[in-house]
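Take this structure, written in structure tokens, and hold onto it; I'll ask about it next.
Note that the chains are named A, B, C and D in the order they appear, and that numbering of residues resets to 1 at the start of each chain.
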Amino acid sequence: MKKLLLASAATALVAGTAMAESHSGPVKIGIILGFTGPLESITPDMAGGAELAINEVNETGAFMGGTTIEAVRADSTCIDSAAATAAAERLVTNDGVAGIMGADCSGVTGAILQNVARANGVVMISPSATSPALSEAEDDGMFFRTAPSDARQGEIMSQVIMDRGISEVALTYTNNDYGKGLADSFQKAFEADGGSVTITAAHEDGKADYSAEVASLASAGGEVLVVAGYTDQGGKGIIQASLDSGAFDTFVLPDGMIGQQIVDDLGSGLDGSFGQLPGSDSEGTAIFQEMATGAGINPTGIYTGESYDAAALMILAMAKAGSTSASDYAGEIMDIANAPGEQILPGELGRALELIEAGEEIDYVGATAVEFIEPGESAGTFKEIEIKDGAIETVGFR
Amino acid sequence: MTARGFLLYAGMALLIVLTGVFQGWNLALTILNMGLISAIMSLGVNLQWGFAGLFNVGVMGFVALGGLAAVLVAQPPVVEGWNAGGLRLLGALALGAAVLIAAVQVWKRKIGGQMRAMVMLALLIGGFFLFRAALDPAVNAIEAINPSLSGYLGGLGLPVIVAWPVGGLLAAGAAWIIGKAALGLRSDYLAIATLGIAEIVIAVLKNEDWLSRGVKNVVGLPRPVPYEVDLQRDAGFVEAAAGYGLDPVTASTLWVKILYSGLFAVVLIAILFLAQRALASPWGRMMRAIRDNEIAASAMGKNVTARHLQVFILGSAVCGIAGAMMTTLDGQLTPGSYQPLRFTFLVWVMVIVGGSGNNYGAVLGGFLIWWLWVMVEPLGLWAMELITSGMAADSWLRGHLTDSAAQMRLMTMGIILLAVLRFSPKGLMPER
Amino acid sequence: MTDFLNAIVALSNFVLIPGAAYGAQLALGALGVTLIYGILRFSNFAHGDTMAFGTMATILVTWGLQSIGISFGFLPTALIALPIGIAITGLLLLGTDRAIYRFYRKQKAAPVVLVIVSIGVMFVMNGLVRFIIGVGDVNFADGARFVINAREFKEMTGLDEGLALRSTTLITLVTAAIAVALLFWFLNKTRTGKSMRAFSDNEDLALLSGINPERVVAVTWLIVAALATTAGVLYGLDKSFKAFTYFQLLLPIFAAAIVGGLGNPLGAIAGGFVIAFSEVLITYAWKKVLVYLMPENLEPSGLVQLLSTDYKFAVSFAILIIVLLFKPTGLFKGQSV
Amino acid sequence: MAEPHLIGEAMTGGYGRGADILHGCTLSVDKGEIAVIVGPNGAGKSTAMKAVFGMLNLRSGSVRIGGEDITHLSPQDRVAKGMAFVPQTSNIFPSMTVEENLEMGAFLRRDDIRPTIEQVYDLFPILRDKRRQAAGELSGGQRQQVAVGRALMTQPSVLMLDEPTAGVSPIVMDELFDRIIEVARAGITILMVEQNARQALEIADTGYVLVQGANAYTGTGAELMADDEVRRTFLGG
């Protein structure tokens, strides 16, 4: 066994040197996502989205006088705060990343924020952590997120449903901070608006069977079923089982549930279902979809667009500040994200850099219509969508 | 410790030092800190498995209970929550406990078989509805208060270090109940029962929002050490750091980690010392005698069940302490993140690889496996890049392999476990 | 009368049919676990990942078949691919046995050592599957989706409640029944099957009778490969394939095997259904059924739910523990080593 | 004199690498005869028989059956050579039916085993009635009958019984001994270890008294019964 130890030590040494060599040179951006663990099925596309933005900038060569940007991936595991902290620590202290795109799950995001990002003064932009608690967390102005907090979406969803003349719904949510937070805020808003929620049933992601949840939801009844989950996790399982058993025909889908993949998987079953997701117009989304497909990334995966936007924002802020030091560019992120200025869509990062170079204001819109409010999170203009003939159609904005 | 042991420990220290030299001291200390906690968990499992041969696959549950203690002890109490329904809730819990105790008492009575079962069943079912009727309104009242930020009862507002022993006590209490019920089970039945109980503990933590905010997580737990940002603003500290030639950021992050290391090391050494004393004591010898031949030991008049219960509680308590320490280090409790693969099976790998029955081995296993758990990721990526370096940059296989590098982690753990079991079945540091 | 029929249909649609399908999937999985326990005498923690591997192999073959234009009419193509998937999984298991388990068998290692070894195998297989097919959700069901769907049923019968019967559910139940019947025929009627039971009953005496242990072990692994792959594929057809979910399946499968009594095939089947139905029934909101059955003035206003679905998963384990407290070796008197 | 059908000659050895238990012990039986091994507790009676069956490593000595040296064969191979062994405990397959137990006994045979099963049923008629019952549900004496029946299924030339009457009532014991005599009459050589030394010696053609793994007295059953020394020391007066 001593051999094993020696061998690992030697490998560590070599690997360490390999990494240490690349200390100077390109600017690095860390991508910390749960490549293993419960969210492992969506993270590759998220990382792909972020890397798409990075590659786009590198191709223009317009970033800080031709400096290239390099993405360094690390595994947050989604569940293991200690491993995530260690991974982030490595990115910051060894790879010397200028910012972190991540993390994904709220738990590990909080741990990295408190133990690494704040401590070392590194900016984090999470594409997917939606827990309201993170809005309140101490962050020294270092934490941003391109996914909206659940609180606001709940209110919007309530209005969307009410405006369709529906007053009785059943509600199921994925049993994590995203689902629970969204379900809580929605239920509160909906009941305040005079609606009634017949049942609130949690579901666990990645479990074997959802018959029990569907049985209870069906028994409680309701005109539509609100599913606060993820497209490729329990949420899909619930919808599938509800459609199959004829429990519900119409579903209300918040951001985590909207993606072309689920529409394709479930066929005509989702026709007539509706929902809302952050976005002000569909232009950016469409462009992003095209770009992503070209790069071999599934563009409709959840948070793929948010990941692109997170990376793009970080890069543009660095360009604007002319510095890769967090203390310099953290303050620019809000500026970049919001009006006034020329609107920047996906694929226009080169132009954005030119505008910045020329000292002009820009308003980054990106794939998900980013708009930041204090304390550094997506304001959430939402677009209302409806699924018609197997396609996601935008029917209005809120 | 044997010469081999010293060599192995020196090797382990070397690994951490090399990590520090090549990858940065911050990372090395991060690994060391969690290594210390892992070592404690590993010690706890070793008490049960190495000393007594109890196959506990519910480590995750005890670690999580320790984490709960950190919230219950260190968070400030939520006064509105208590006013809204705190006492009613405690009353309901007391009622629930009373029903259970009554049911157990009925079961112990020697009244006619059918009758006894019927009475117990009626008591349990009736009691359950009463309990729900008392509990639900209280819970609703508490959870209604500002759910996105509190919606729970909070804790006692004590220093977080107090949570460590409390975490141990909480886990011990749970272990007592579980042990009373399940330790009579044979072999694999005990294993699966503990696995199931751990899942139940996690289900409670996830869904009882009034207790620990459930999946909404408790973040920003108080720390036993200063915050880095405060240190960076502290003129005295910045000056002292400059004296060592360090910039304030590096100095503060290192200093905080060193403080944690110190605290954790004290706990580890204390537990290790006690475990060593226990191992060498007549109690420890009797434990091992029971482990090696339960029938003979019970024939010699040893109360096997009672001894098993003792060691089960002790081991679980140690896991609970480690769980509380881990939650303190993370600064948050996230019940959704407890998964058996990470918090049960990985701890088992630590014990087996280190050397079951040998406390020093278990500690070594904790450090080594944790180091690998963190380092396999960059090493795996590096290895993949080496393997694929000959392939065309856009080849499908190359992309596939590089993308899969993160999956090396589990596979490596498995291969190491299998290799150790095959070639050094008693672990790196075998029991004498 | 209509009310009564409606209640029955609602109960069948949401509880009986889905519960039966899930129960059958768990039962097939638990049969594999219980066979390994009975004959090789350890709890195989790698079983969930064996199912994942078998399903993955079948999916790859299915894709191959689909790409050359072979399909199975209204039945899923995966059913043609299944035997090949089983063969590949069988080879993997035999290889694993040869490379890993046999060493410990020869040493007469304690059963718990084999359990720990299987945890190692679990880690490796876990990585292997993700390495080959990735971590994403794979939907490989083709063919017709429904035998009867809810809307058609309502139109046909004029009832308010629909009854849906998916083809995958039907396939699951039929295949599971065939697999179980084959297994029992094999164990009870064939020489090799009987020799396996003999080996499980009394290993030393089996040796004295001239039964070749290595052959028994090899046949066991092959049957386990068949059961695990079939269970995995049926599950995947009914829901979808994802590596992470298959690992999670291990827990209810173990619960099923234990509740039934380890080493007892009948127990495994019973256990599968006990776990599946307990998950559905204890968290079921009886409101709908009661509204149909009760006279108007007695209709419940609440959901009439014993426990919220949050605790669904805990329920199956609570049942497991309760069963063990009163019957320490499971409902059907399993073995213990 | 022709060599006896079964002979374990000057056997010395023990379990695994442990200390020797047998010290030059010799056992032999002629065809169709009954040999009984008796002796005090811990004398190595069962061990001696297991040595004949190949269940422990002999450091010296040999075992021959029908003149053929089988010292180095595994127990399974000795079964193929016509030896059958009935262990003292766990000698049946409890969850299998009586008939399946018998079938398993004949696992190595490829010919029609029906007639042999009928023979066993003729020998132990009660088993015919209970053929569909799980063997584990039978009474102690019936289980021993199943165990002996299972061993007979290979149509062995030698039947070895390790304390066949342990834990059965005296009436059942007499019955079992009668059956064993019947088996021997059919031409099968029998070697058995017995605690009930007196009754066993009554039916024995040859008796071996072992003390500390070595032959102490050898003779016909009647001779040993008549020997004062043997009687006083081992048969309780």
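Note that in this section contacts are C-beta pairs under 8 Å (C-beta built on N, C-alpha and C of every residue); 3 or more make two chains touch, one makes a residue touch a chain.
The chain lineup, named per UniProt: A = Branched-chain amino acid ABC transporter, amino acid-binding protein; B = Branched-chain amino acid transport system permease protein LivM; D = Branched-chain amino acid transport ATP-binding protein LivF.
Keep in mind the model is a prediction, meaning the values are calculated, not measured.
**Q** If you apply the touch rule, which chains end up adjacent to both chain A and chain D?
**A** C
**Q** List every chain that touches both chain A and chain B.
**A** Touching chain A and chain B alike, sorted by label: C.
**Q** Would you mind checking which chain's C-alpha centre is most distant from the centre of chain B?
**A** D
**Q** Out of every possible chain pairing, which has the most C-beta contacts?
**A** Among the chain pairs, A-B has the highest number of C-beta contacts.
**Q** Between chain B and chain C, tell me the centre distance in angstrom, where each centre is the average of that chain's C-alpha atoms.
**A** Roughly 31 Å separates the two chain centres.
**Q** How many Å are there between the centre of chain C and the centre of chain D, using C-alpha atoms for each centre?
**A** So the centroids are 46 Å from each other.
**Q** So how far apart, in whole Å, are chain A and chain C when each is placed at the average of its C-alpha atoms?
**A** About 35 Å separates the centre of chain A from that of chain C.
**Q** Could you state the distance in Å from the CA-based centre of chain B to that of chain D?
**A** Spacing between the chain centres: roughly 56 Å.
**Q** Can you tell me which residues of chain A touch two or more of the remaining chains?
**A** Counting only residues that touch two or more other chains, chain A contributes 36-38, 44, 175, 202.
**Q** Would you please write down the residue numbers of chain B that are in contact with two or more other chains?
**A** Only 206-207, 403, 407, 409-410 qualify.
**Q** Touching two or more other chains, which residues of chain D qualify?
**A** none
**Q** Pairwise, which chains touch?
**A** Those chain pairs which touch are A-B, A-C, B-C, C-D.
**Q** State the interface residues of chain D toward chain C in the complex, per the touch definition above.
**A** Against chain C, the touching part of chain D is residues 75-76, 79-80, 85, 87, 90-96, 100, 103-105, 107-108, 150, 154.
**Q** Residue numbers of chain C touching chain A in their complex, please.
**A** 10, 13-15, 17-19, 21-22, 25-26, 130, 134-137, 139, 145-146, 149-151, 153-154, 162, 164, 166, 235, 239-240, 242-245, 248-249, 252, 276, 279-280, 283-289, 303, 305, 308-310, 312-313
**Q** Quick one: which bits of chain A touch chain C in the complex? Just the residue numbers, please.
**A** 36-38, 40-41, 44, 175, 198-199, 201-204, 206-209, 211-216, 218-221, 232, 236-237, 240-241, 244-247, 265
**Q** Which residues of chain A touch chain B once you look at their complex with the stated criterion?
**A** The contact residues of chain A facing chain B are 1-2, 4-6, 8-9, 11-20, 35-38, 44, 73-75, 77-83, 85-87, 89-90, 92-94, 105-108, 110-111, 114-115, 118-121, 131-134, 136-138, 140, 151, 175-177, 179-181, 184-185, 202.
**Q** Give every residue of chain B touching chain C within the complex, in rising order.
**A** 53, 55, 181-182, 184-189, 191-193, 195-197, 199-200, 203-204, 206-207, 340-341, 345, 348-349, 352, 400, 403-404, 407-415, 417-418, 421-422, 425
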